[in-house]
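First chain A sits with chain B, and in the next complex the same chain sits with chain C.
Let's look at the complex of A and B:
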């Protein structure tokens, strides 16, 4: 099984690569700058970082440019580069309560504690293909020549000062309280927090050890966080409309914002914020309606991913809860752990384009052998 | 900035400073001879920090992914300084480590480093305020149809 070795073709291979590398220059268009990609194609850059598993807007933009806009190929380039870089440290344990929101909505409560902040979105307006003449379109763009003027929230963090709270009454609108707190006060959610004496196991590191069914939830969450967005949405969608699922979950929290990355200072051992990254975070709520479940309460799933990718975070939260409720009864956990990584899936698919001459010859030989045995009267 | 910065707060502000700010000050202090004969203890190195997060539902930790950083260690007047900053910038990391060591050693030039930190903090606070000014108009209270 696999592709067979082949030799030769070097000149053709190099000529083919030259066609790719020179196509931009031959087209006569300007080279795309990294800042343009980060500021104007920020959602694609965010996807590359999320699926590549490495936060670096500049490297992701380089990968996207190299891959000619192919997000999957760019994520592969980033993941491959990542494997050549040493891991210097593990961060202090981040609490997303520290997330400084630039968008926060709830589909569950009209007026959640801390209010809803739409942020930068076209969710509530019509979205049409822009057919303006290019000159007019460029003129419309001209007054805003920097992403920060738009409040895009892409690119580098705004830094590590200790935020002054922006408050309404006693609520900090940049760090709004979580809906789960309110639901707990209402005694509406099942309690899944460990007791005070419980162990706090080290997270499973899927970058070092392949995760297989039976792995802890930390492996599931890590696999979901760097899953390919389309695969994640597809799997969530398929299970949401399966015969065992009744209804759909409701996202209680959808947040996009800046999260400080802290490491222990090498001298004092106390935490230091060394940079900030943007993340999308979702807590999604679902009904418990199975006989073995506490049908008087709700449960929640959790989604968190690099950059701004609400589709991914909502699907991740849904699948986190589906895997938890499934309890290993079906192949869902296996599919989450093994089939959602876009780089692995595409890597396998792409390898099909490599020479399989021997495989194919043996396939033909088998068919001929079957016919031969049929002709001899040996076939059933 | 009136109160003396803590070691951690200084490191945070130096990591938030721009490359130009750090390099300009470090080069000026070097040219003045204020740093004596500094040493590089940990050469500037690009690497990753694995970000671990505690999710709020079952309060379990998991690894979200890695973050590209550059770190450096330097020594001035026999005292160590340290820096780590986001993304790939060895020169900025070296400059930040040197300036951190200046403060750790208590050299007179600490005042200039702390002034830089104060400027960074003012700018960052302004940027966060500006960010809020842009998004605050999107605060919403939806009405429910009867």
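Let's look at the complex of A and C:
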């Protein structure tokens, strides 16, 4: 008898819960501390925050531990936690001009204003599995007595984030000018900013109003920012090789850094910095090569997500631009808004495991009806 | 207010008392209630709402759960079913979530419930004006199968332009001889909006029409709520000359209670797929097995006997030209199983679902022979 038919479903689910709990208790190894997860599994924690749509390294680490390393499940835990908390306020608009960068690279210019800052990246660390004996490996990995090895007073970020001031000549490399400024000076990008007298609409809050095709760009960006990284990369990849796209975009800049978040003080009304969050920001440049487009200029796509996730931010920027250029001709915008959320896609998939015998019986009934109809010569 | 604030939040206190740990804050519950009111005011219209993530996977009833949590209070009596069953793991899980949150009582008798949350079924016991039914909806958009662009779907609903839906039903009949939509059959509500009544079986669709209770549909993943208010016209889409068909197996009834007027699901048995047999048939078999009367007499007690009493001469006998439904039965453990049936009215064979093709062939052959000439006694 299958589980769905089990009498005493309550007993069954309680027993399943016990099994989950006891396998943790029976494990011989130490429990993983939150600091370990935040510092040593930082990229996974960042993904959980990004897909869960909540900046909180500690809660994300808790979720990741509880989910036994399943990033998607951990993101779902964060989302459900969000639902239990009332929405009290919106932050002030955060300008990424204030980003204090840990890393900043440009693929478009050899030496962009503000310089390249390679920062901490595994991009150039040989992709070789370390096969040292575990004991020796652990000794190598042990903390060194370097002053800047741990934390910088944020208490909620990467353990290995290096962001002490760097200056070259009179340039503050932690606050490089944005590349888009240079491109505008060169008159190389199409103007997409609304005129001076245009309204500045509030961003679309996809957590409060369902975003459907025809929604403003802020809704598309929010959906992309919370998208499941794998789904996002897949959609970007598939469209990159579609017939409407001749080349690939070139990231003007990829930045990873700290961004202050301000809210209006409830008493004084003045903006107060309540926290700093780490974000990855990408501005990507693409050719405008369709007949109806301005062939003399370029356009920019934008990507921003919680934590350090360059894959996500680059794919997001590429898709932001693709959605804009598509202009509603295809269902790309719908796919971005409706299909990229990992919690929704996985939720629907998971629900296939629930009993469906009522509708299955209905399906069998129709199959037999079709046969009965054709046996009668009923299929006209 | 049942709200939660994490310690250290600068704005703590602004939301009033914030002590109870919950899965759904009060402001969100209010928002869902507003969507529910709109849905009731415009029957069948899919109201978008800011669906929250619940502590169950999206697809495990997060929409129904939000509607239920928005309505439920400590004085309520809640029944939760999945596939019509109280005891399934999913129903049990949702029930403990809601009851844990709202402090309400849980019941299994539909008549005692004030609120029923269900997945895929409308309870067999008719519900009253005092009760609310919440159905979990996986895919709320009935037009999804004919148009994929959501902008076009919205236009079609706005203009009540359901031509493509009708064409797809027509094509279905032309290609397949029958309407092949199984569960979640498209229905017109109040003569205005087409809805997908969740994957309830077609058997349950007539229960929606002019029902005494309020039915609310919650789709969490797709972020929509819609409603069938009490005493509202609900018509399954079909043509005048193609009657709407509910799931039906001739001669089948519940193995446990003998009910033939309820929705029956099939259960695989060790010797193959079976239908749950009719109580009358079982009674006839029992009489024969107990040696009280020969089998053909026992069968006559539930066939030609009642026909004669009712004055019906065109049925009850296996003779050429008579309207007789035929069933082929095997008996195991004292209980008969209908293997194959032939409906005299529709002239359709159905239910070739036996353990082996050879057995099915044999039964079918026997029946075809039986249908061609009088056979007494039939066995």
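Here, the second predicted complex is superposed on the first by the 345 of 380 C-alpha atoms of A that agree within 3 Å, B and C clash if a C-alpha of one lies under 4 Å from a C-alpha of the other, contacts with A are read in each partner's own complex, and residues count from 1 in each chain.
Basically, a contact is a pair of C-beta atoms (placed from the backbone, for glycine too) under 8 Å apart; a residue touches a chain by one contact, two chains touch by 3 or more.
Remember, predicted model here, so these are calculated numbers, not experimental data.
A.B. asks: Is A:214 in contact with chain B, with chain C, with both, or with neither (first, second, both, neither)?
C.D. replies: After superposition on chain A, A:214 lies in contact with chain C alone.
A.B. asks: Based on the superposed arrangement, let me know which partner A:291 touches: chain B (first), chain C (second), both, or neither?
C.D. replies: In the superposition, A:291 contacts neither chain B nor chain C.
A.B. asks: Check whether A:13 is in contact with chain B, with chain C, with both or with neither, and answer first, second, both or neither.
C.D. replies: second
A.B. asks: Using the touch definition from the top, say if A:331 reaches chain B (first), chain C (second), both or neither.
C.D. replies: After superposing on A, A:331 lies in contact with chain C but is clear of chain B.
A.B. asks: Answer with first, second, both or neither: which of chain B and chain C does A:76 touch in the superposed model?
C.D. replies: second
A.B. asks: On the A-aligned overlay, A:354 touches which partner chain: chain B = first, chain C = second, or both, or neither?
C.D. replies: A:354: touches chain C, not chain B.
A.B. asks: Looking at the overlay, does A:344 come into contact with chain B only (first), chain C only (second), both, or neither?
C.D. replies: second
A.B. asks: Output check: A:86 vs chain B and chain C. Expected answer is one of first, second, both, neither. What do you get?
C.D. replies: A:86 sits against chain B and chain C alike.
A.B. asks: For the three-chain arrangement built by superposition, which of chain B and chain C touches the greater number of chain A residues?
C.D. replies: On the superposition, B touches more of the residues of chain A.
A.B. asks: Let me test your reading of the model: by the given contact rule, A:365 touches which partner, first (chain B), second (chain C), both or neither?
C.D. replies: Second partner only.
A.B. asks: What is the shared patch of chain A, the residues that chain B and chain C both contact?
C.D. replies: Looking at chain A, the two contact sets intersect at 82, 85-89, 205, 207, 263, 266, 272, 274.
A.B. asks: For chain A, which residues are in contact with chain B within the complex?
C.D. replies: Residues in contact with chain B: 49-50, 53-59, 82, 85-97, 100, 102-103, 110-111, 115-121, 148, 150-151, 153, 156-161, 163-164, 166, 173-174, 178, 180, 192-194, 200-207, 216-219, 221-222, 225-226, 261, 263, 265-268, 270-277, 279, 283, 300-302, 304-306.
A.B. asks: Write out the stretch or stretches of chain C touching chain A in their complex.
C.D. replies: These residues of chain C touch chain A: 3-6, 9-11, 14-15, 18, 21-28, 31, 48-55, 57-60, 62, 82-85, 87-93, 95-96, 119-121, 138, 148-151, 154, 174-178, 180-184, 199-203, 221-224, 245, 247-249, 263-266, 346-351.
A.B. asks: Sort out for me which residues of chain B touch chain A in the complex.
C.D. replies: Per the touch definition, chain B meets chain A at residues 7-8, 11-13, 15-16, 45-69, 71, 73, 80, 82, 84-88, 120-121, 123-125, 127-128, 130-132, 134-136, 138-142, 144.
A.B. asks: For the complex, which residues does chain A have touching chain C?
C.D. replies: 3-10, 12-13, 76, 79-80, 82-89, 205, 207-210, 212-214, 263, 266, 272, 274, 328, 331, 334, 338, 343-344, 346-351, 354-366, 368-376, 378-380
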